[in-house]
Amino acid sequence: MLYLQDVTIKRGSKIVFYNWNARIKNSKITIISGKNGVGKSTLLRAIAGMIPLEQGIVKNYNNEIFKDKIKWGQNLIYIDSKSGLSRDLTVYENLKTWSQMKGWNTSDNDLQKALESVDMLNYKNLYVSQCSEGLKKRAALSRLYLSLLFNIEFWLLDEPTNELDQKSIILFNKLIQRFLENKGTVLLACHELKLFDFNYELLNLDLLKK
Amino acid sequence: MFDWLANPNRFNRITEKIQPCILVITIITLISGLYFGLFDSPKDYQQGDAVRIMYVHVPSAWLASFLYFSLAISCVFYLVWKHPLADLVSSTIAPIGMLFSVLTLVTGSLWGKPMWGTWWVWDARLTSMLVLFFFYLGYILLSNAFERKIDGSKTASVLAIVGLINLPIVKFSVDWWHTLHQPASIIKIGGPSIDDKMLLPLILMIFALSFFSLYMIILNVKTKLIEKKCEALLLKSNLEKYRKQVKI
Amino acid sequence: MNESFWIMQGYEIYIWPSYVLTLLSLGLLFIHSTKQSQKAKKLLKQLSKTKN
Amino acid sequence: MSLQLSFIQIFISHIKREFLINFRSLVDVISIISFMILIVTLFILGIGPFEEKLRLISNAIFWIGLILAIIPSLEKTLQRDYDNGWLDQSITSPTPMELILLSKSLAYWLIVIIPLVISLPLFIVLLNINLKLIPWLLISILVGGLSISLIGIIGSALTLGAKRGNILLPILIIPLIIPILIFGVGISETVRINESPIGNLFLLIGFTLIYLVISPFISAFLIRIAISR
């Protein structure tokens, strides 16, 4: 369970959230919805630790998550529209360096399987500069499979379904299914709700802003 | 102390009282400094009357360095305690400091012509001052290089602090370079042996320019505070207009 | 005020410009800032009037 | 769950990544060297082919060429990873940003220094540098190159997301690296006039050590600011 207590988040000098409280349920998928510019990405980036909170705390059960950044870094995956893939490396090399940065000792086999899970095995040795946007997105999402092997608790995903075709969305749904079975928590910002065939919690930021 | 001053209202109240005092002190020290500097001080035995340029050159140089130091300190306050006022202070100090560094370079060059025979000699002090000028320039350029003002302030503050660490090293290295390449035989401007009678106008001018800068900083910070208020009011009235339109 | 004061051993073309430049730039800075401050104060007055 | 890889392993993997990125295309590496050759050529065309003059200022030309050749490629080092989101991934990973930046600057150092060391004989020929200078030149560009890349990372972090960052970067960086030039040229100059270069060398090493300590922290701080935008 993730608790946000009296959270104030600023972007530049503009206050986006003011003394806000929220609760994100465990082992569930929570979809953050709302109009453009309402603060979906800001919220995700703040929880991921990229935007420092002006005030307030975020707790995972009883632990303040930003007290121990190393531990929190091991506990989440954040993916947004910027894929974090280097253009001059292949899809495989990108995945490998990324997993090493997370501190994981991944075997070749794990990486292959991760690419297979998003149907990217054929593109393994393609340079990212040659990839289409859809392929880049899939390459980024292959990290989700790796996290299943390493007991990660949180997925923070910002518009993960953009640029994905029908088949990849099915694969993505499968990954989420497995993650939820492993007692993982998904926090997802999206405005197309019909793409997901789960029971999801809805966090509508439009309601909050009134 | 800064924490206590950082409240804009308190800042306004206190400065309201001391501002006239500062102005009076500035005028008194400036006039007496000019009097002693131009009329009632001895000629240097080597440089003759040309030494009188010292009374504007050295105070400017001193202020350019001191203002950079204060700029960096106020940047530390801004980054550590996040007082918006500290940012206003540093952004007003920067152009004033830059002006003084330019004045130092220009008067130094005017002093150099009769002493060295050329407008510019790569003397250690002048070279360090030139570098200082570029630190000011870098700060000002960087603080205006971002779309949102607050990003520029934060980033440029870091630059100012890096500069504070680096400037003594630059100063040292330039002195080192100077001794390495040129045995010191030429007349040093602002040299070490100063007559007591020369000290009086020098100190008076240093005081005059310091109090002048203090006055300018307070005045400009106040202006910026008012401008901020105006912006907030404008934003509010625009919002209200917008709301009315939406209702209709 | 005799002539030798103004001539200063022939250094006058260096000394006077440096004093004039310094005082002039300080004066300009002073005038500019004062104007700016008055402008801002005026604007604030206007704004607070229209609000009420 | 604790980290399976030690920080040293992560550190090495980062250096490997930077090497893969930079050496695969070789464009950057070749451009650094050819840029330096061109600067040297410009200098010599400017002063004329007088050996006596050249002998006096060849060390200075070498160092200025080195610094000017490194600066243009500095801007990309962080900007690239900022644009594609890699820095976002780094900050949400357990690896401390400071460690990542230290590895980045060391990798950048190696990337710049290896081709320069290889092409050193070329410059010795072009600039007619005295052969007894070679060991000192080698040491001084190794140490000086490290401090240039450490300061360069700070500069690169300062201009992240800035308007016209590529023009701004040299203005911010060059005042900071003046001491490197002075101490670096000082080493070669003292050797040339048969004095001991130890004083200059120690000063250069000391300067580098200062930045080795503060640079990762400063640039990590800057990157956190840049990412929180």
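A, B, C and D label the chains in the order they appear, each numbered from 1.
To be clear about the criterion, contacts are C-beta pairs under 8 Å (C-beta built on N, C-alpha and C of every residue); 3 or more make two chains touch, one makes a residue touch a chain.
Just so it is clear, the structure is predicted and the values come from calculations on it, not from any experiment.
Discounting chain B, connectivity by touch gives the groups A, D | C.
Each step here moves to a touching chain, and the least such steps from chain B to chain C number 1. Comparing the CA-atom centres of all chains against that of chain D, the greatest distance is found for C.
Among the chains present, the centre nearest to the common Cα mean is that of D. Just to note, of A-D and A-B, the chains joined by more C-beta pairs in contact are A-D. Between the Cα centres of chain A and chain D there is a gap of 36 Å.
Centre-to-centre spacing of chain C and chain D amounts to 45 Å, using the average Cα coordinate of each chain. Distance between chain centres (mean CA atoms), chain A to chain B: 48 Å.
Once the centre of each chain is set as its mean CA position, chain B and chain D turn out to be 32 Å apart. Shown for chain D are the residues in touch with two or more other chains, namely 229.
For chain A, residues touching at least two other chains, in rising order: 12. Annotation, chain-chain contacts: A-B, A-D, B-C, B-D (touch as defined at the top). Note for the complex: chain C touches chain B at residues 5, 8-9, 11, 14-15, 17-19, 21-22, 25-26, 29-30, 33-34, 36-37, 40-41, 43-44, 47-48, 50-51. Within the complex formed with chain A, the residues of chain B that make contact are 148-151. Listed in rising order, the residues of chain A touching chain D in the complex are 11-12, 48-52, 69-71, 73-74, 76-78, 80, 82-89, 93, 97-98, 100-105, 150-151.
Chain contact summary for the complex, chain B toward chain C: residues 34, 38-39, 43, 48-50, 52-53, 56-57, 60, 96, 99, 103, 106-107, 110-111, 113-114, 209, 212, 216, 219-220, 222-223, 226-227, 229-230, 233-234, 236-237. Of all residues in chain D, only 154, 158-159, 161-165, 168, 171-172, 174-176, 178-179, 182-183, 186, 189-190, 203, 207, 210, 214, 218, 221-222, 225-226, 229 touch chain B in the complex they form.
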